[in-house]
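Take a look at the following structure, please.
So that you can tell them apart, the chains are marked A, B and C in the order they are listed, and the count of residues begins at 1 in each.
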Amino acid sequence: MEYFLKLFLSGTAKGSIYALIALGYTMVYGIIQLINFAHGEIYMIGGFTALILGGFFFSNSMPVWLVLLFSVLLSIIYASAFGYTIEKIAYRPLRGKPRLSALISAIGVSIVLQNFVLLAQTEKFMPFPSYLPEFSWLQPYKEYINSTQLIILGVTAIIMVFLTLLIKFTRIGKAMRATAQDMHMAQLVGVDVNQVISVTFIIGSSLAAIGGVLICSYMGQINYYIGFVAGIKAFVAAVLGGIGSIPGAVLGSFILGWTESLGTGYISSDYEDAFAFVILIVILLIKPDGILGRTQRQKV
Amino acid sequence: MKRTYMLLAVFALAGLMVFSGAQNAFAAPTIKIGVAGAHTGDLASYGLPSVNAAKLVVKNINDKGGINGQKVELVIEDDQCKPELATNAAAKLVSAKVVAVIGHICSGATKAALGIYKDSKIVTISPSATNPPLTQSGEYPNFFRTIAPDDAQAKLAATFLAKTLKLKKIAVLHDKGDYGKGFAELVKQYAEEYGVQVPLFEGINPGAPDYSAVVNKISNAKVDGVVWGGYHPEASKLVQQMKDKGMNIPFISDDGVKDNTFIEVAGKYAEGVYATGPTDTSTNALAIKAIEEHKKTFGTEPGAFFLNAYAATQALLNAIEKAGSTDYNKIVAALKSNYVDTPLGHISFDQKGDIIGFGFSVYQVKNGVFVELK
Amino acid sequence: MKSRSLLADIGKSFLIAIWFMVLLFPLMVMKVNVSKGVAQVQFRWNMLPLVGIAAFVLSLLWRFALEWNEKRGNDSRAGGPLAKLKALTSQYLGIAVVRKGALFILLAFALAYPFLFGMYHTNVMITAFIYIILALGLNIVVGLGGLLNLGYAAFFGVGAYTYGLLWKYVGHSFIAAGIDPGWLFWISLPLAGIIATLFGILLSLPVLRLRGDYLAIITLAFGEIFRMVMQNSGDITGGATGISLIPRPWLFNIKLTPQKAATYIYFIAIVLVLITIFVVRRIEDSKVGRALEAMREDEIACQAMGINLVRNKLITFALGAFWAGIAGVVMAAQTTYINPDSFTLWESIIILMAVVIGGTGSIPGAIGGAILLKLLPEYFRALAQYRMLIYGIAMILVIIFKPDGLIPRKRKQYTFKEKELAK
């Protein structure tokens, strides 16, 4: 039982890592039905920006909490700026064109960003110093969960609630839902679709940046390639939960985390990914639109 | 057939003219050396240092007037460590008429490329491909390497953990890759021969953000040591997550971890980690010189396999010089019969193509540096 | 009027330049280096004006290019110079003699290619041919059937492993019996096609209910599971170590040099490409092909018309998989070494990119896309470490300026010719 609990908690921690990235994925997808392959890269850039700026502030002997605050805030700003710019350059000209074209453009962006960071910074793995606080009261339970994992879990929960509220109750949230439902109709009733999409990218990218800082702090390392692997897993999680649904993305991520963790613990980690994919296949066979996805009625 | 003879005759004639001091009439043809490996992609950090090494050695030789009166020219090709790109890179090098190749970096890519080099009679010296069958199968007489094969390393690691650390029960993890899994399987085999129990033998996903599940599994298996076959990014996550959970059992790994980047990345968690790695030659005067050169030319510390590639290039150029020509058989014979002073020490190659005079040692991280355990 | 808009353009570009200077500041100007756990930042101020100037010039170019692109779009309708050129070429190509002549020249060039250029170029071309076969196969699934498949590399892998495993397990008995193991290639070729087809059917059974991106993600999952099985069952498949020294195809027991072997495989590949083109065209024009197109346009209407969706989806996947299997065998023969790393998700993505960039659903498009995607990175080798960066940029540019692909699909048009009737 104790072993199960440990595995369950590590699955939860893993799930919340996936969720941080999956939330941004699902938001963008929900609005413009684009599998934004570059999302993982934004997460990587968020992490790198935090590493660079944090390092700069820290070496200028700023107090740690201020370093954390500034590096997180600035990496959010920079990542959103990246998201906004990418949308404008690479996705907007393709709106209304075949959907697969935008997907290819996204893959292109992903390649460009990876290699840009490789060339502009380094090809090596960099240590990522953690500026996150350590909770001393958690020390007795260190075999179960550590401070960073707890922080990630908490942040994921806060973001999920925040996004749900944002989409349900604010003006921009309504505009987002309208755009998601029918872009042309939304335009007709006076929604500035371009603005809505830009805001979606900005929010999605900010989430990726938060994810970047927290997850890199947890891993203790960063490299230009981390975005691709994480992006694919997060995408799987988002689909599992029903892509376009905010709680779905979180639920899907947790299911993925638990499956991988328990599968590793009781069977073998050789097939860790395979467990994740098998559960995905099984769930999609039972519910073809994901767990919390809206069932799409098809019309002729 | 006739055309081949004609060609040979022309070459012989050209060679004669060069020899008899006709260099002024013809610009002496350069000796082309290929450098192949991962120069882009996720494994670029293992491939780029060898390019720098080759550049430095070649620059030194050319400054001294080249070999046998000929300048050396490098042809650099990227394979991203992918077999299918490696065959293209190899074909390109063959078309460019290289005499020999320094590379490739990854064992898989090396295997794919060797098929072409072997039939084209091109000497290949890898600074980093440690897969045992490359030399031991005898299938590639043109292959040499300036690094010891994995089985030597695994044997050393197993002996160390069984005899020196006296571990009774270990967990063996690997990254499912050719190199990591190969090492892990050999360690398991040798350790079991010493009577060590291996209750846990598993592959984990490289690049995953979190290994806490497998760490839980290790702690549940109640082992008194962990062996990791793979590279340093995963190793540093593993040790970090193990120590975070209060597990302080020995962690033993391979030369994919014996890299200063590991200490940089893992920081305080790296303390006490064991790794087998090529015998430390950084006190060797030539090594110090090579590293200084690198700092001066490129402004950074050299990366992985830099010294191995440096030695490989030196050994190759020395063999070409001793052979007095770029004839394949003569170079092979010269590589096997001559010793050369390199940053790795006084080295040569045995009949199978493995390095002589340079092996593995066990290291431990102490106060932030790898210290060789004698 | 014109000068004012130019001034406005320059002003806009100036602002964009500033935006990029700010945006890229941390990544381009600051360079981080961590030693002993402390991050140190080094400033590369000379980068800043560079970024600014580059952004300024590129944004101006970008705007002109977009404008030109729009104008070009109008031109082809209104009859601008470009459209006239197009019309002229299509008019000449309409003449049978010219078309046949052009085809003949192309074919002659293709046949002479390995002798004109070296082994490297031949090898690169073989890779391109393999990708043409793959792209044509995937085109059946994505272009005709409208089913997004992100696990296509698995079928490619099935083909390659069919040959590899045959060599691994049957090869030595062939040698013992005094038969050239190169024969295995010819055995594997149809066998791999069949096995891949079976895999295709097996995969399509559970996914019949899914559509769109859910289908894409499930094919992605299958592709990854295939790779993992290959990687983890080391006792059978050689695991990550792979299978090496796969023999080259049999040719009258002649021992081929790499140069000649490449030429030989080149011709095999070219024949296979021609067969693929021929068959795929026939499929497109067949009853099945039209049913597939109808299915892509509207599944429900399709069902209402009495087309069996289940059967059609099965056929789509099976046909697509067949060609991937064939391509896999050629690939194994060319590289003589296979391991699971050659069949990653990335490979599936590249094949998909070839189809989309060429023009989804168009056969010449798939061919062009595959050639572009495989040849560009090879010829970009000169750019060294900038290779992949430029490659990514090229991808984005192509798709933005040609969103329907380089050679978009032409819908079949059936016209009623009165004149012919009158005769």
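Points worth noting:
Here is the rule we use: a residue touches a chain if its C-beta (ideal position, glycine included) is under 8 Å from a C-beta of that chain, and two chains touch if they have at least 3 such contacts.
Values in this document were obtained by computation on a predicted structure and should not be read as measured data.
Of all chains displayed, C has the C-alpha centre closest to the centre of the whole protein C-alpha set. The chain with its Cα centre farthest from the Cα centre of chain B is A.
One simple way to say how far apart two chains are is to compare their mean CA positions; for chain A and chain C this gives 29 Å.
Centres computed as Cα averages put chain B at a distance of 34 Å from chain C.
Work out the mean CA point of chain A and of chain B, and you get 37 Å between them. Multi-chain contact residues, meaning those touching two or more other chains, occur in chain A at positions 115, 118, 126-127, 270, 273. Counting only residues that touch two or more partner chains, chain B has 40, 44, 176, 203, 264, 267. Shared interface positions of chain C, i.e. residues touching 2 or more other chains, are given as 34, 37, 232, 385, 388. Listing the residues of chain A that touch chain C in their complex gives 29, 33, 35, 45, 48-49, 51-56, 58-59, 74, 78, 81-82, 85, 89-90, 93-94, 97-98, 100-101, 103-105, 107-112, 114-122, 126-127, 129, 232, 235-236, 239, 243, 270-271, 273-274, 277-278, 280-281, 284-285, 288-290, 298-300. Taken in their complex, chain B has these residues touching chain C: 39-41, 44, 76-78, 81-84, 86-88, 91-92, 94-96, 108, 111-112, 115-116, 119-120, 131, 139, 176-178, 181-182, 203, 264, 267-268, 368. Taken together, the chain A residues at the contact with chain B in this complex read 3, 6-7, 10-11, 13-14, 17, 115, 118, 123-127, 142-143, 146, 149, 215, 218-221, 223, 225-226, 229-230, 260-262, 264-265, 268-270, 272-273. Within the complex formed with chain B, the residues of chain C that make contact are 34-37, 118-124, 127, 231-232, 234, 239-242, 244-245, 257-259, 261-262, 331, 334-339, 341-342, 378, 381, 384-385, 387-388. Taken in their complex, chain C has these residues touching chain A: 19, 22-24, 26-28, 30-34, 37-41, 62, 66, 142, 148, 206, 209-211, 213-214, 216-218, 220-222, 224-225, 228-229, 232, 298-301, 304, 345, 349, 352-353, 356-357, 360, 385-386, 388-389, 391-393, 395-396, 399-400, 403-405.
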